[in-house]
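Each of the two complexes below includes chain A, the first together with chain B, the second together with chain C.
Moving on to the complex of A and B:
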């Protein structure tokens, strides 16, 4: 695959990722089952008259998109592509609550308008005055991966020079309560830096937004390029995942030996982490492994945070101690393989190569 | 009129705006308070929710929602007519 350069990136997460500086230099440690974003001052990007209608996830998306474009030095992208599984949950909750409480009478328009999944992509385009291609992918655990795939295809077609692509999701009181009933989360608070060694089922909830300014041309601030992307839905067993990874690496002209760092979506759920154990043991037994979900929590588009972190590791040529899980990464990071699965059904691979 | 200002600020989630900062005769839309068409719909709902007033003729909208004073006068007139 031709390299797709990450010329700029921006992230708003439960870590202090919006303020610049070295990756995880100011580590935020939590002891809870639900992580919320560390919000920057959104008024630096959004007019006070417009911000009043925006829910948290919209502000997160607009903030991360602006950080990405600023880093890339791109004022106007040729396409805006977002991926979100849950969309604008908060405003959906507001609208539905009013609908019930007011017996479908006297409903206000703002919450309804802001409750659609493509609100974030729409708001970014409105603020930029960008009339170019605008699409939102709502594909559960593949939402971000499919937005990235769309960006790659558009760039390869040559119909865009700079594409802004990102993934984002928020967690609200309603969604957290519902997902908790599904048994997704730990029953008791857990220290985030001890999460990955937790011996119990469930994980911690998270949220965030990460955007990337992508191009076929290397920008001044590019440290890495996406050189491979693949998804695998509902594999029957571990062997299918391992076979898929081997084929993925072959398709991208490399072997496990070429991978300098395996970045996994371990989330501290003993059932779900078993897959990462199997993959690491079969293909990367002596490799350094790092993880990211103990830093951002679990959500369907968490791979966007993972990719943002991998890109920063490439830029800094270092793996922060807070992200390291196993082994020691080589001094020179050339290739990082990001392997994530969401709920055991949505498996994805992203290959990042230094440039 | 002070209550109406508070209700508008709450309904429209106006930030960095206080009742004292809105003058009674200041235009609510465009160059005044800067409200837009979505806010107009919110104001129509506000009248229904707080004062049980429905605007029968939409063409009256610009006149009714011109300022705090014009809204207050419309509410008073409607309440007097109902009484």
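Moving on to the complex of A and C:
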């Protein structure tokens, strides 16, 4: 596939990703099962009066989108594509609660208006005054990957020059209570830097937003290009995943030997991480491996954070110690393979190549 | 990249029929679907008429061959998607690279809102988790994809009322980019108290049957349902008897207000113009427009002004089938795509029920009678939603 350059990127996450500087230079370590974003000063992008009405997911989306456009030097994108599995949980919860508690009477529209899944994409368009293509994908662990695929297709079709694409999700008290009852998280707090070696089931909850300004033309700040993207839905067994990765590499004219760094979505759940062990053992036994979910937590669009981190590692040509999981990456990083799975059902591969 | 994408079949379930032929019969006999609520439980039961699918969850579960405790959104989706597949003549789904792309706005909210009554007093233990396991929009899509046996590409789009239309656009792109050969694309949404109350706070629900494009209109009626087309590649179409082509599509953002359309219908105009341009057609070649036509003051005037700007002085026949089905939100783009594709195939012009008073802002009026075997080669379908999301599709004959 023709390279899709990342000309700008922006990320708001539980790490200090919104303020520039070297990747993870001031690492945030936590000992809790629920991570929250480190919020930048949103006033730089949004009017104070509007900020008060906006939920966190809208603010982090608008912030990450603006960081990405600023870095790319693009004032007006030709398409805005958003991926979010959960959408605007906070406003949904507010409206639902009032509806139940007030027996469907005396309700006000603000929370309902902001509860729709396309609120973030719509707000980015509204604030930019952008009449271009606007789409929102809401498909669980593929929400961000579908957005990226749509962006790649639109760029290849030639109908857009600069596409803004991203993924984001928020945690709310209600969503965290419910997901906790599903047994997704650790029973006791765990230190984030020890999460990936945890011998128990469950992971930690995370949230965040990452946006990318993509183009088929290389921008001044581009360090890497997306050169491959693939998803695999509900594979029957590990062998199908391994076969899929082999075919993915073939389709992109490379072999495991061409991969300088494997970046995985390990989340510290001993059952779920077994898939990464299998893949690494079968295809990348001697490769350096880095991970990202101990830094941002687990959520369905966490691959957006993963891609943001991969792109920064490419720009700095270094793997920070806090991200390293196994081995030592070569001096020169040319290709990074991001492999993630969400709950064992949604597997995705993103190939990033230095430019 | 310019490969043609064809419509090989379609299926619909909505307030005027449990399948496409039943819907057509309702249009023919001028039987709109709005009634007092029978299945949704709400304190507004006697205030707002709605166009419900005329079956309870047990009956729908039997039709869908799914458990009856599954979200109604998934039941409706599977029934319509299966009808679409069966009408395509493709048979064994495992023989093709197939995608399922479905739009919806609130996923399994019909179950979540029941859950919340027990959850709120005791968030640590209240409510049965079974009721929220399929809350996510994407989870509803996966229930149906798994039942159909779709594995190559599964995706969910949520752009409010244009979700279904955007599903067709994305599906067509997947085929043109050689990712799959067939896509079942459209949308689904069941009525929920959440949406009913939300639209009520916006004060855009009519307490009588809605009157799209009528000067006396005062709002919309909510509906529910699902509608899907089967999109196929050019090479597969050669072995089938497709209804028509999806010849053009465009998506634009109004960038005016989170819920209201701009007075001059900027996004509406850009979507319609973009779809026409892609299809390579002149405005006068469009034979029928399936309007977004919700019946709100704001939508109909913005859409009408945008149509006037693009089509004057050659106005095609047009109507809002929401005057029969109600506004089915995330499903509407899918349901109306099926109606529009059939319009090309059988020369159908659908009636706009209850139109009596000419809108003072517009020089044209909607069609009020059902007719078939009209000489129609190209049909446009409009879907405009909250968040400024505007999409138009163009369907063309052979």
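The definition used in the following text is that the second predicted complex is superposed on the first by the 355 of 355 C-alpha atoms of A that agree within 3 Å, B and C clash if a C-alpha of one lies under 4 Å from a C-alpha of the other, contacts with A are read in each partner's own complex, and residues count from 1 in each chain.
Note that a residue touches a chain if its C-beta (ideal position, glycine included) is under 8 Å from a C-beta of that chain, and two chains touch if they have at least 3 such contacts.
Fair warning: this is a prediction, and the values are worked out from it, not measured in the lab.
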Next on the checklist: I'd like to know which partner A:108 touches here: chain B for first, chain C for second, both or neither.
Outcome noted: both
Next on the checklist: If we overlay the two complexes on their shared chain A, which of chain B and chain C does A:49 touch? Say first, second, both or neither.
Outcome noted: first
Checklist entry - Thinking of the overlay built on chain A, is A:135 touched by chain B (first), by chain C (second), by both, or by neither? => result second
Next on the checklist: Looking at A:192, would you say it contacts chain B, chain C, both, or neither? Reply first, second, both or neither.
Outcome noted: neither
Checklist entry - Which partner does A:126 contact after superposing on A: first (chain B), second (chain C), both, neither? => result second
Next on the checklist: Once chain A of both complexes is superposed, is A:13 in touch with chain B (first), chain C (second), both, or neither?
Outcome noted: neither
Checklist entry - Should A:100 be classified as contacting the first partner (chain B), the second (chain C), both, or neither? => result second
Item to check | Touching partner for A:85 - first (chain B), second (chain C), both, neither | outcome: second
Checklist outcome for this item: Between chain B and chain C, more residues of chain A are touched by C
Checklist entry - For A:203, is the partner it touches chain B (first), chain C (second), both, or none of the two (neither)? => result neither
Next on the checklist: On chain A, which stretch or stretches are contacted by chain B in one complex as well as by chain C in the other?
Outcome noted: 107-109, 113
Checklist entry - Which of the residues in chain A come into contact with chain B in the complex? => result 48-49, 51-53, 106-110, 113
Next on the checklist: Quick check: in the complex, which residue numbers of chain B touch chain A?
Outcome noted: 11-16, 34, 38, 41-42, 45, 48-49
Next on the checklist: For the complex, give me every residue of chain A touching chain C.
Outcome noted: 80, 85-87, 95-97, 99-101, 103-105, 107-109, 112-119, 121-123, 125-126, 128-140, 142-143, 146, 149-150, 153-154, 156-158, 173-174, 177-178, 181-182, 231, 233-234
Checklist entry - Quick one: in the complex, what on chain C touches chain A? => result 1, 42-44, 105, 107, 112-113, 116-117, 119-120, 123-124, 129, 132-133, 136-139, 141-142, 145-146, 151-160, 166, 170, 173-174, 176-177, 179, 193-194, 197-198, 200-202, 250-259, 266-267, 270, 385-389
